[in-house]
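I've put the structures underneath this note.
Both complexes below contain subunit A, partnered by subunit B and then by subunit C.
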Partner chain A sequence: MSEITLTINGQEVVAQEGQTVLEVAKAAGVDIPTLCNLPELVPSGACRLCTVEIEERGRKRLVASCVYPAEQGLKVETETPQVASGRRLVLELLMARAPGVKQLTEYGIRYGVDPRKFDDTDADMCILCGICVRYCAEVKGLNAIGFVGRGVDREVMFIPEIAAKECADCSECFRLCPTGVLPSNYGINRVPHFDFPPNSFCKP
Partner chain B sequence: MPKLDSGAALESFRQSLQAAQEAQRPCVTICSGTGCHASRSDKVNAAFVEQLQAQGLADKVDIKRTGCHGFCELGTIVAILPQEVTYLQVKPEDVAEVVTTTLVEGGVVERLVYHDAVIGAIPREDDIPFYKPQTPLVFGQNRYIDPCDIDSYIVKGGYAALAKALFSMSPDEVLNEVKASELRGRGGGGFPTGAKWKTTKEAADPVKYVVVNADEGDPGAFMDRSLLEGNPHRVIEGLIIGAYAIGAHQGYVYVRQEYPIAVDNLTVALQQAREYGLLGDSVLGSGFSFDIAIHRGAGAFVSGESSALMAAIEGHVGEPRPKYVRTAVSGIYGHPTNLNNVETWATVPLIIENGSEWFRGIGTEGSKGTKIFSLVGKVKNTGLVEVPMGIPLRQVVFDIGGGIPKDRKFKAVQTGGPSGGVIPEKMIDVRVDFDDLSAAGSMMGSGGLIVMDEDTCMVDTARYYLNFLSEESCGKCVPCREGIYQMLGLLTAMCEGTSQPGDIERLEEISGVVKDFSLCALGTTAPNPVLSTLAHFRDEYEAHVNEKRCPAGVCKPLVNYYIDPDKCRACMLCFKECPAAAITGARREIHIIDQSKCTKCGACFDVCPSRYNAVARLSGVPVPEPVAAGTPVSPRKGGDDE
Partner chain C sequence: MSEQTTVDMAELLGRYGGDKSQLIQVLLEIQRRKRWLSAEDLEAVSTSLGIPYTQVYHVATFYKAFSLVPKGKHSISVCLGTACQVRNAPRLLDRIVDIFGVKPGDTSQDMQFSLDTVNCLGCCALGPVMMMDGQYYSKPTNEELERLASAE
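After this line comes the complex of A and B, so read on.
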């Protein structure tokens, strides 16, 4: 791996080729907010909170730093007014869906959000960061939890057949959940494998 | 059929097919594209089989079921060759007369040919004003070819471009020819095709793929569908040529499951191409091996996005991934993958056959060749049209499309589908090509042209597209998932009269972030319908928000119907027509609409005779108090009632 140099917020930073902009920034002590990033997982670029401005050959654009590869000579600005106001709106949008999530509140203070800017009567507490889904697939290789539905109907759901067998001994995703809602999601969706009532139609 | 194992074998086979053709042998061609299929072309076909039998012509006349002709408004289209008499809106019950008059007696059934207000009857298809300004290079063969019969493609010169590429050009020469043609991707992005091919070709990985993107999903668009249905071999030929140039040995066609005829015809076409040695080991004996598999999409608009499409081909959920490493470098299973749209692939054989210079001679500086559009909406002649790049939009809408039905006023054209924007009347002379449409604040997109008349509400139009997009957003990234949802909420509130001051600005604020922060092109282009309607029709938004008024009278919650007591002649028409029984009245008694019962269907407004014009559509103003029930109509000055 070869060494490359890039500029983050005016500071020259040395990095390894193959690192993402987010990794380089983190190593350099630059704090970029993230919600769906976990170092041991393949970055998914879903929450968009880590969006930064880059300049390449004189052209400026916004990219998700968790997936953007660091390049020689790249200029990165992590807190431009456009970036900050975009992050603020992303947080406000998420707060409508999941009010009261600690991490959102903390970032919200940093970016001066109006937590009640948007209403959502269907608030369900999950921010759909996908950390649980990806952790179960990538680290545990179990796929006991997945996404169902699309758009705003997207939900995280335990797959009953797998979850009933695997989750009791694992539940490692619970502690990773940034909203803390996952254990109750598990309780709702889990199929109690052995305790069906005697005359249940659902008896497997 | 033995395998064709060389270019010469293909050529001599073609000649034997051509020799077997009798030039003067009559042939009935029946359009079997989707539009005509919906007009029951299968029944027309059955009627022809029966009538030819009954009138003793079964062995003297051929019947050919062809692909889409384009003039879908007037299907089923039947063309009789060699006279080239074209009949429109043919019904099964017309067939006996057509057979007797045209095939037996050699005459023309006047009532079934196209009638122009000025010229009169036009029996030849090419003379119809709808077709005259068109340049059907890619689409034109559709009407002569039976998509389920490879011979009908070969006899018209099919696969000659492939033979030329394989036997007289190196892969580099093919690539350079496509590059020199300046062909740009027809799927919407307009990326130079040659440059894309080059990236995949030059990627170090020896395993490469080529893909046809047939996940056409824009509302109102059906160009790719009709090409795949009507002329699948042309797409296949283009794909083989591309694979040869790029060095791929496996191709995929990603086609929507919702296009059953396209899937069926393509399946047949691939099978026939394999039997003829045009696919599989050593294509035409050239030593170059290539095959194609069909992947049927499970109904997600976002799967037309290249990285989502490739995820779907791999068997994953069709969700996009960030494309900072392009799919041309790392696509299916991480291998370099070149993806082009159906129409792009179908254009390739033409470029190889006629040369890049010929191709560059058509179109504008930045956009070469022709483009197929689906012309739909409030326009007289709906259908598929193929025109040279750079044609003025006015010509497409008014000359080819025949203008607006019922002589209503033209308002705008939506181009580029949900990712595009509107072109208002003042910009109707814009040239239709990639750059000029972008400069006009819209985009070419895949080629949907939705014409709107004065009765179209722009806020409602934007709401329609955002509703579509919110249903089609995969939900992976926050700005697209949550942002579109909130934008839809604001637009719905505008259409329902519950919006708040500042909602337009809020809409703009969310638009900006959705555009800049979303992961894939579905999200980054999603605000376009809002931003472009705002740019050209901001007054309509303001009327909805500030006055709770819908200027076009479309948004039902903002509209009330009211009978003007001074104009009502108590003719009972609206009374009888009202499906909600909301109108009270009697002969010689002024009719009154009970606003609490009214469903705002507008039936009373439509039936009220124009000489009375008594029913008013009110928006943004309070409904006047009704007159007392039983009030007699006022005597008419200088005339009698009714």
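After this line comes the complex of A and C, so read on.
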């Protein structure tokens, strides 16, 4: 592990190679909002709230700081107008999916978002941050909960065969859910059984 | 009802030798041979490759190439892409629904035909186009469709 130096908000910071920009910023006391980041989990860059602006060879772009590796000489800005506008949009989209969540509301006030900008008639409160899924797989090693489907149909679901055995004694993921919807999903979102005789699937 | 294709899972999984990176290939081969993936298949793949069932299920529901419900003997894809759309593909779809007696996304009662809509079949000049068992049909007439529907 070699030491590197980078600049965060104009201030020189020393970091270890292999750290992410978010880790370095946190250690330097710079506050970056996050939802899907937990220190004990592998970062996944799901919520995009930790967006920061980096400058490489004179070009500026927005990246998710929780998955962006710190590099020698990197210039990072955490609160530019571009960053704020990016976070604002992310928050507005998340708030459409999960209205009335305390943490989102607090961030929303900070960035001046319009909580009703987008109207999601199908708001199911799950922002697909994957904290529960990663916690179950990485920390507990139980894999009782997982992502199912793709794109707009993507959902977090408990796998009944495993959940029935393991979840009653654990349920540690419940308190980690940023929107608090997970405990109610435990009762509802179970993967559908597809073991019926073939013809029972055919609709007339 | 057509004969249910059986697959020697032990033989199939044995050939891949528990190589985790072959997950999609294994699932594709099962799908190709029996036209769908059952809960038991996913379970067997999970055990054999040492990949959590949750992850196998995630992959199986992610790709459109996999089906978790039994598919018919013949698969029909009707293109509803832009070029076919302006050449009246919805009308072709309606005729197919009528003649084959199966709705998009469904399989007919006798397990003969599965109907799906796709967004392009890569031959827009032939539109409106449909595909059955890998064979392309351009602007099929009702007679042609009926001939296909009566073929076993």
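Observations, loosely collected:
Just so it is clear, the second predicted complex is superposed on the first by the 188 of 204 C-alpha atoms of A that agree within 3 Å, B and C clash if a C-alpha of one lies under 4 Å from a C-alpha of the other, contacts with A are read in each partner's own complex, and residues count from 1 in each chain.
In this text, a residue touches a chain if its C-beta (ideal position, glycine included) is under 8 Å from a C-beta of that chain, and two chains touch if they have at least 3 such contacts.
Because the structure is predicted, anything quoted here is derived from the model rather than measured.
In the superposed model, A:80 lies in contact with neither subunit B nor subunit C. Within the superposed three-chain arrangement, the count of touched residues of subunit A is higher for B, of the candidates subunit B and subunit C.
Of the two partner chains, subunit B and subunit C are each touched by A:149.
When both complexes are overlaid on chain A, the residue A:97 reaches subunit B alone and has no touch with subunit C.
In the superposition on chain A, contact of A:137 is made with subunit C only, not with subunit B.
Residue contacts after overlaying the shared chain place A:159 against subunit C, while subunit B stays out of touching range. Touch criterion not met for A:7: it reaches neither subunit B nor subunit C. The contact surfaces that subunit B and subunit C form on subunit A in the two complexes overlap at residues 147, 149-150.
Residues 300, 302, 317, 321-322, 324-325, 470-479, 481-486, 509-510, 512-513, 516-519 of subunit B are the ones touching subunit A in the complex. Here subunit A touches subunit B in the complex through residues 44-49, 51, 62-64, 67-69, 82, 85-86, 89-90, 93-94, 96-97, 118, 127-128, 130, 147, 149-154, going by the rule given at the top. If you check the complex, the residues on subunit A that touch subunit C are 133, 137, 143-150, 159, 161-162, 191, 193-195, 198-199, 201-204. Residues 1, 4, 38-39, 52-55, 57-58, 61-63, 68-70, 103, 106-109, 111 of subunit C are the ones that touch subunit A when the two sit in their complex.
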